[in-house]
Structures are given as C-alpha cells and as structure tokens.
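Right after this note come the structures.
Next, two complexes with chain A in common: one pairs it with chain B, the other with chain C.
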Partner chain A sequence: MSSNKPKLAIVYGSVCGGCDVSLVNVGEPLADLLTNYDVIYWSIALDGKLHTLEKLERIDVAIYMGPIRTELNMKLAKLIREKADLVVAYGTCAVYGGIPGLGALIKPSTLVETMKSTVTTTPGSEKVVKSMEKEGLKIPPLTNQCLPLSVVVEPDVLVPGCPPAVENVEKLIDILKKYLRGEKPVKGLMLAEPRSLCEECPRRPKDMSKLVIPNIYRLHEAVPKEDKCFLEQGILCLGPITRAGCGHRCIKANMPCAGCMGPVQRVDDVGLKFLSSLASALLADKEKELGEEGLAKLLDKIVDPQGLFYRYTLPTSYLTKLVLKRLRK
Partner chain B sequence: MSRRTITIEPVTRIEGEVKVAIFLNERGEVERAYYQVVEFRGYEEFCKNRPVEDLPRITSTVCGVCSWAHHLASAKAVDALYGRKPTETAAKLREFGYQAHIIDSHLLHFVVLSLPDFALSDAPPELRNIAGLLRRNPELVKKFIESRKILRNIEETFGGKAIHPAFVLPGGVSKKLTRDDVDKLSKLCKDLLDITTYIYEYFIDRILKSKNFNELLYNEAYRLRTYYIGLVDNNNYLNFYDGFVRIIDSKGREVTKFEADKYTDYIAEHAEDWSYSKFPYLKSLGWRGFVEEYICRAGPLARLNVADDISTERAREAYKYMVETLGGKPIHNTIAYHWSRLIECIHASEKMIEFLNDDSILREDIVNTSGSPRYEGVGIVEAPRGLLVHHYQADENFIAREVNIITPTAINNAAINAELQKVASTLIKGFEVPEKILNLVETSIRAYDPCNACATHTLSLLSSRGGITVLIYDNEGRLIEKLHSKPPRLR
Partner chain C sequence: MYEPKIIAFLCRWCASAAADLAGVSRLSYPANIIPIVVPCSGRVDPRAIIEAFLNGADGVLIGGCHTPNDCHYISGNFKAFKRIHILKKLLKQFGIEPERIRLEWISATEATKLVQVTKDFVETIRKLGPLAR
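For the complex of A and B:
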C-alpha cells in the first residue's frame, strides 16, 4: 500500500499470542489505529512478509511482543530499533522476560537429570534430508539466554502485564494517536503505576506495616477467603512488591497476585525485599517463641523462591545478573 | 533451469512463527515441502521443580490464544495428582467459563485469521485482512468487535484475567459465582448466542455458497483420509472439558476409547531436526512419516467426526446439515474445519445458557480439599485446536519432577506437513509462483488454526560454553539427537 500514513510494524519474539489477543480485545480503538496507520507487518493478522520489513528504510512505530529466544527474534529486535522511531516493548515478556524467562538460569546439572527421564519421544526416521534441502531448511538457532527486548535495545515505551490490561493498552493507543500529531512520549515511559498493587487493593489491611502473617500456606493447604488480604491468611501474594495498574484482576478472582506487572520502582531485588518484610510480619508478636530457627523453618515453606519472586522477571533480576557476570568471567 | 527453493517466511495469519520451504526440481515440480516451526519456548524443562499447584497459572502462558485450555488441562492434572476430584459445582463452573474461551479462540481465528482468504480472495495481499474486511463488511466486523467485549467480560467474571486466567485450585475453583454475576452473565450469554448465530448464518449464506470456498472445500488436495482423535462424554457426545478420548479410523470405525491416564499407551512422539515442534503419532500404527493413512488429526473437525452427536438444539441441527452436505462422516475435507468451528461456537453459546438455568452453579462447595494424593496426574481437555494433554509427576512435597505436555498443534503437525506436500504439488507448476498461489498454500495451513507457541513448548536445553544444545531423547532416556547453536554476542 503506497500511502503517506505513518508505518506501524508489530513484531514477535517467542510469543505466546496472548499479547496479540489483548491488543485485538480493545476493539474499536484498535480499528481506529488500523485506519490511521499503515500497518505493514503483523503476522497474526496481515500478510506482510519478512522481506517487506527488511526492505523498508524507516518504520515509524514498532511494537515488540514476547521474549528473545532465537536468533530470528534477536534479528528482528535489532532491526526495529534501527529502523523505527518509536519502539514499544509490549507485555511482560518484552519488558522483563516473562514466564519463558524462567528458562534463563537452567543449569547443565539439572539437565543431566532430565536426560534420564522425560517424554514420549522416539527416534527420528526421516533424518536423511538431502544436503541441498538442508540449506533451505535451516531453523533459527537459540540464543544463549532468554532475554527481554528491554535488555537488548532501549525501548521508548514499556507496557508491562501478562498480557497488558485493557486500560493500559488503551493508554498506548492514545500515545500512538498523539504520535500522529507529532507528539512523542518521554523516553522509557512505563505504562503502569509507580506504587504497589497493595495500595489499590480492596483487601488492603488498614495498616500494612502492622501486618501479621500467621503461617505460610500453599494453595492446596488453605482455601482462600474472598474478603481478606492474602498475606493475612498466610497465602503468599506479591502485591507489596508489584506495580499497580492491572486493575488487581487476580485478586478479584480470589487468587493472590503472581507479580506479572513487574516490580515496583526503586527496588533492586524484589525477592530480598519481600523476604525481609515477610520475615518481620511473620515474627510480629511472637519473635521470642519462634526464634531464628523457627523463622527459618517457616521460610522453608517457600518451596520455590525463584518461581515465586521472579516468575515474570528472572532474566532481569539481580540474581541473574550476578550469575551471568560470574559466567562471563 | 536448476532446482529452486521457495520459502514463505513467515506464514501469516496464524499464531506463532512458522516458515514453509518448498523444494522444486529441475522441471519446476515440487519435490518436497516442509512446514517448519521456528519458534522455541522450552516449558517442560523450566516447569520442573515448581510447586504443582502453581502450574495452572504458569503453563497457561504456553499459549495466549488458548490459555484457558492449558489452565484447565493443568488443573485436571493437578486434581488427579492430589487425588481431589473437583466438586460438581466446581466442575460446572470450570466448564461454563471454558465455553466462552472456545468461542473466543474460534471467532478470533475465523474472522481475523481465515475469513480474509474467502471473503477477500480477489483483494491484493495488503488488503486481504481484517482492515479489508472492515471496509467490505463493516457489519460483520462490528459484531466481531462486540463479541470481544462480551467474551472478555465473561472470562474476567470467572478467571479475573481474560487471558491467562487465575481461576483454579487443586480440587476446585477459587471463586463462587454470585446472583449478580448470573444476572450479568444472562445478558452477555444471550447476546453472544445472537452473535455466534449471526456469524454462522453469514458463513452459510455468503461463504459456503461462494465459488472460491467451494473450490477449496471439495478440492482433493485439501482432503486427508486420516484417523481422528477427540474427547466424547458418556453418551459419545461432543465435550470440550471432560470425558473419554476416542480414536476413529478413516472409515469412521472406533479404534479405541480410553481414559486420560492411559494416554501413554496410545500416543508417542517423533522428532525431526528441521522443526522445533515434535510429531505425535498413534503408537499402534507407529511413525510412518508423512503418509496420510497413518496420520491422526485433532481439532474441531476431528471432534465432530469422533462424536456421535451434539447435545444442544441449534448446534445439533447445524451439525446434521454439515454432515449431510458433505456426504456423511467421517468428513475428510480440511476446509470443513472452519465450518466445524462455527458449529462449536453455537454449541458453546447454548451450553452457557444451559448452565445459567442450573441453580446449582450458585452453590458454595467450590473446592474439595480431601482425597489421597497419587503424586502423578494426567489432565486432558479439548483445546480449541484439539486434544491437549498435561501430565505431571511430583515428589512427596508436591514439587513437579516430570512435566509432559502434548498439544493439538503438535498432533496436527504431521497432517499439516502431509497436506502441504499435496497442496503444493498440485498448485505449483514451474518456477514462477504468483503470490496468490502461495496464499492458497497458506490457506491449507490456516484451516488447522495452528498455534505454534503451543507446539514448541518442549525439548530440553543444555547451555554449555559454546552456546545452547537441544537434546532429544527417546523414551528410554537414550540421547538420539543433539542440535547445537552458537550464542550471539550479548551486549
């Protein structure tokens, strides 16, 4: 389509598709966008092919979804940063790594174990592919790490959420409308609240600092009540260290927050922060009875700290940075 | 002329990253065509060592267009693992919410991904999409947009988030349904049935009768005589949430019918080094390559082939009409997958209204907390795209030790490849291949609504100094293939 409308490309990393659906779900505002922009690439909805994208010299806006897991994902990430004026990291995967980012720190030793186990897979029988065919059959190799877009290039706008909540997608569309009039957002704009989810949670206890946590229960050990703060029930909820802006949707469904909006501002390590506040809430009133040993025992009930604290943010966590630094030495 | 390779990269209007490679010989004839999944995710590995009760929320992100299917298959595996049969109320609430998701996924696929091929077959590629539909058929697109809001609303009522819901607990669900919810849902579900009926009728009046749809529907290249696999309830009726797995052969004879936890007796997986997705096959037949007779298909058409009937009125009528029109079951015409999807949308809408008339959904017993753990569990549901299996093993602390997921898109992987070969060889003659022809090749793939985020959740990763190695093992744990890649330079 030869048009002088600004060009928009929606490009994927290793997506799950949820981000796409969340964009489609906004309805009319999206239809607006489709008429005001010349959407040149969005493979779930349009027929633009890779070579069209590669040929273009300039793209006005590029939206990236999913984490970077293969070299093709990486190539596209760099390509859009090179060509696009405004790059949007859309969804938690693009902003923090997301759930696929849990693969960020898989150790060889763990995998040796895997080797002796798993799946229903049986040996291949069609391995003899002619050499000429091999050439055309290359699949993009995996990258060494599973990375969010935000680590590889610098996005202009970040929209966290797995997938982003409709309110925030509408905000993004507003920004893209303003862009049509020549207004560009401040660099690194994060479409989420700086405060924590607890601050907008209807279950928030009157005084969070006096919170008492009776014990720690897993979800098969306690049936969550529908009107009480999860932490007060002993069910781990990531509200205190998670950014608000999702409309506390999981809380409404009577499930604790898993942290998909990413960490609140100015916290280096969410896990450490959470643990320290948890410890004091657990000790409240009964420091003497429990003692250090008792506390340690209680904290042992956090069976998967990595999956709990960094479920959506592992590749960008302090922990991972440390490990990677050591590996690179 | 020398040989040539044609690549379609990426295949568009499908979910996930896929490439097609077609090899032509010296005479410009198709030698071999490949459908390659080039996306990688790696879920089975990093789901290990997680508390099993967290897996429904983690594995839902295997796929965002069928997140509910993963959420519920996972929930069922977790129920079985803890030995907690969900209460009747909980099972109903899960099934109720899930109907909305089936419609969500099907309508999105039909309107945005597929319809442009049929309603806009004459349009240039840059208009062969939802924006083009909006110009040509604004009424239909308006209905579709309306349906997005309704579906989102229904899904949020149950799962908090419409995509990647937070809804299930071991043995039940997290939230009761209230009278207010039911009042709200009544209106939404009624409107939804109107929309699904409208879109179905649009399909029957405008698409089914169109020349280009008919040409594809009855085209021999777009027809595979395969086995079919799908869930059926106690009466052998269509069911998305629960029941027995039934397999029929290409003549429609029942080959077997089994319960979820027996699946390893019937299904095995084959791996190829040119795709990140595996190829499940029927164990009794063995892996025979991309040969029609030995392939098994899943998904909407497979479900309607394996089921004896549909329980709700309007959908039953629509079903009868399709079967009669196409000359009886099993239906092998791949393009009828689209038709099946719309019939299922009507069934799911009717089913939701049935649930609303059942007061027991308001009961408060939404979780069963008793039962003796088995530390292993299999959960099977019909995802929008077909049979989906989650299988977990846990230690005494309920920490996942083994995770196996078989997705419908993987089940259809062999069929998609076999059909691609057939369609490409029929349509491509010579080295000049117009875009229109390539789109017809893609149309065959789209019929399956493949979801490649799903298909590639698997395989193991080993990061070593030189890069990443993908290891593929056989069922005895023997290493059979090792793919190696060099790492890119990190900033």
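For the complex of A and C:
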C-alpha cells in the first residue's frame, strides 16, 4: 500500500504494554491523527515486519516505547534514528530507563538464570523456545546494559511518565498535527513542566522552607491523611525533585510520588538530590536531642534507598556510571 | 607501590583550621590527601562526593565540627551526618565499599587527630585498593 501521507512507525523496546494503552486512551484525537498518517509499523495493531522498516528509505515520525534491553531493541533504536525525521521517546523507560532499568547493574546471564529458575516462569517454556529455534525463530539476546533510548540516540521529543498522562499525550498529538503542516518542534523538547511536583501539589504546606519530616514510615505502617503533605506525615514522597506535569495522579489517589516523571530541570541524578533534601528536612527540629545514635537508628528505617530513590531512573544515575566504569575495567 | 588518591572536604571553621595548625606545628601527614575547603560539612553535596569518585578519587574524607554544639552554622554537621549515613547505605547497595567515605569531627585545636585520621584513612584505602580495578 503506498500513499503520499507521512509515514508513522510505532516501535517497541522491552515494553510492558502500558504505554500503548495510554496512547490509545486519548481516544478521538488519535483517530484524527491516524487518518492523516500512514502507519507502517505498529506491532500491536498491524502485521508490520522488520524488513518493511528496513526497506523504507525514510520514515517521517517514529515513536519508541520501552528501554533498550535486547539486541533487537538496539537495532530498532538505531534504525529509526537513521531513517526517521522526528523520533519520540515515549514513556519513562525510553527517557530514563524505568522499571526494567532496575536490572541495569545485574549481569544479563544472572537475569536469564533467575527468569528460568523461579516459579514465575511457565513450566515447559524451555521446550517452546527449543521448538521455535528448530523452525528458525530466535529470541534476541540481552544487551550488556539496560539503557534508555535517550542515552543511545538523540530523540527529538521526550514524553516522560509511567504511563504518560493524557494531557501530555494530547500535547504530543498536537505536535504531530503541526508536523503535518511542516512545523518541527525544538530538539529535545520535554513534554512536562520544568518545575517540581511540589510547586503545584494540592497538599503543599504553606511554608516549604519550614518543612520537617517527623519520622520515617513505610507505606504499610501508616494511614496517610488526605489533606496533609506526605513528607510532613513521615512518608517519603519524591515530589520535591520530580517534574510536574503528570496531573499528580498518585497524590490524588492518596499515594506518595514515586518519581516516574524523572528529575526536575537542571537536576541529573534523582537519588543523590533527594538524599540531600531528605537529610536537610528529616527531624530538623530534634537533631541535638537525638544525637548521632538516635538519628542513625531512624535513618536505618529507610530499608532500600536504591529502590526508593532510583525506581525509574537507575540507568541514568551517576552511581551506575561509576559502578559500570569499575566493572568494565 | 599503589598510592591512593583521597579528596578531603574540610569545613572552614574546624577541620581546615586543624589542618592549618598541623602545618604551623610541623606535623607531617600523608600527601595522598587533597584538601578542599568548604564553608561547612553540611554543604558537601553527595553529588560532589560521587563526582570525586568518578574523577579518580579512591576515597573521600569529610571533616566537620564536633556534634552537638560546635557547628558555626548551628546544625550543618548533623546534616552532613545524615547525608553520609544514607549515602554509605546506598553505596553498599551499588557494590561500592562504604569505607571509602569517612566522616570525622575535628575541632580547630585537634591537629594531631587530623594527622591520625588521615594516616588511618590512607591505610584503609590502601588495603581496599583502587576504586576502578
């Protein structure tokens, strides 16, 4: 099928499927868009094959979802950057690494071993893989690292969020409509607010500078009040260093922010910055009373700092860079 | 022989004054330490520590005023304590030895303590070996 419409490819990394749902979730605006574009590759909706992408000389817009975890993901990522005029990194995984990025520091062989040996794997799946291999089908091997698209190639538009909020997807669709008229967005456009989530939080305390975290509770230990700042209640919320623009969905559902929108502008390492701000506000009024031992005891209530601070951004962390530098030597 | 590189963030009011005193008292301490004077130990961003590691340091020493009442800015040393405590835990999860960071309270008169701490710390790092190995 050939037409003069601009070509759109929606390409998958190691995606969970949530990004696709969020894209379809916008409803009518998407239908409008798809009548104006010729969708040439979209695994969930079309029977597009890799060689159809390879044959094309030029794609106009490519949307990439998920992190780069396998050799095939890597190939696709480089392919779309080579051929597409406008590359969109869609979802937290493509921008920062996301949940699959938590495996960034674990050896690929260990990951595969765990996958095969734990109960979550369907019994007999090994047989299926072997019978597939007999027919000439191969499962692509894992890459050495788990990387977000934004580190491997330079995307033109970035849409963070796990999954991206409806408002931001609508903005993206507007951009794609403008692209039809020949208007190209500035390179590296981030579809989120540059300021932090706290700045527009409905629970924002009157004076942020006097905020004191009175204790540390894990989510199952406390019942959060609906109208009070999470940090003031001793529940760790990543709002202070996370970008706004998600419509504070979690806060509205009485859950603390987990940081899926990534760091605010001019911050490049979520964990170290949050650690810093946490240390300033935690028990700021009782430091001398408790002394070092008392403080240490309370700080030990943070059981898993890595998982808490870097839930969505581990592959872009400076500490990961440090460790990988060490491993490679 | 392997010589470790150590960055020392010394607070302007206590630890760096102790280093000055060690100098005028002609006490000698290992040349592996590269001192950087900061206004307060509470001013040392965890990012600065990681940046030091990324740029080739094998250990980082942070020197501040004694708790609870010596800090010139009232509670900066407690901020430093909390930061380093969590950072050490974080480093352990990443597989980096937390012993590579050391926080010490050294007052302006304790030149001998500074000398002792630096000697000790250099030995610890020497045993651990270079960070990127």
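We take it that the second predicted complex is superposed on the first by the 299 of 329 C-alpha atoms of A that agree within 3 Å, B and C clash if a C-alpha of one lies under 4 Å from a C-alpha of the other, contacts with A are read in each partner's own complex, and residues count from 1 in each chain.
Note that in this section a residue touches a chain if its C-beta (ideal position, glycine included) is under 8 Å from a C-beta of that chain, and two chains touch if they have at least 3 such contacts.
All of these numbers come straight from a predicted model, not from anything done at the bench.
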Which partner does A:R218 contact after superposing on A: first (chain B), second (chain C), both, neither?
-> first
Could you say whether A:V24 touches chain B, chain C, both of them, or neither, answering first, second, both or neither?
-> first
With the two structures laid over each other on chain A, which partner does A:D304 touch: chain B (first), chain C (second), both, or neither?
-> both
Does the superposition put A:T320 against chain B (first), chain C (second), both, or neither?
-> second
Please name the chain, chain B or chain C, that touches the greater number of residues in chain A.
-> B
Is A:L189 contacted by the first partner chain B, the second partner chain C, both or neither?
-> neither
Which partner does A:L180 contact after superposing on A: first (chain B), second (chain C), both, neither?
-> neither
Once the structures are superposed on A, label A:P163 by its partner contacts, choosing first (chain B), second (chain C), both or neither.
-> first
Does the superposition put A:I99 against chain B (first), chain C (second), both, or neither?
-> first
Overlap of the chain B and chain C footprints on chain A, listed as residue numbers = 304
Quick one: in the complex, what on chain C touches chain A?
-> 45-47, 50-51, 53-54, 67-69, 75, 78-79, 81-83, 85-87, 89-91, 93-96, 131-133
Mind pulling up the chain B residues that touch chain A in the complex?
-> 3, 5, 7-17, 19, 21, 23, 32, 34, 36, 38-46, 48-51, 53-54, 57-58, 61-65, 67, 82, 104, 108, 112-113, 125-131, 134, 141, 145-146, 148-149, 152, 156, 158-167, 169-171, 174-176, 264, 267-276, 278, 280, 287, 289, 367, 369, 397-399, 401-402, 404, 406, 439, 451, 453, 458, 460-464, 467-468, 470-475, 477, 479-481, 485-488, 490-491
Contact residues on chain A for chain C in the complex?
-> 105, 269, 271-273, 275-276, 278-280, 282, 284, 287-288, 291-292, 295-296, 299, 302, 304-306, 309, 318-323, 325-326, 329
Which residues of chain A touch chain B in their complex?
-> 1, 12, 14-22, 24-25, 27-28, 31, 34-35, 39, 43-51, 69-72, 74, 98-100, 102-103, 106, 108, 110-111, 114-127, 129, 132-133, 135-137, 139-147, 151-152, 162-163, 166, 218-220, 223-224, 226, 249-255, 258, 260, 303-304, 307, 311
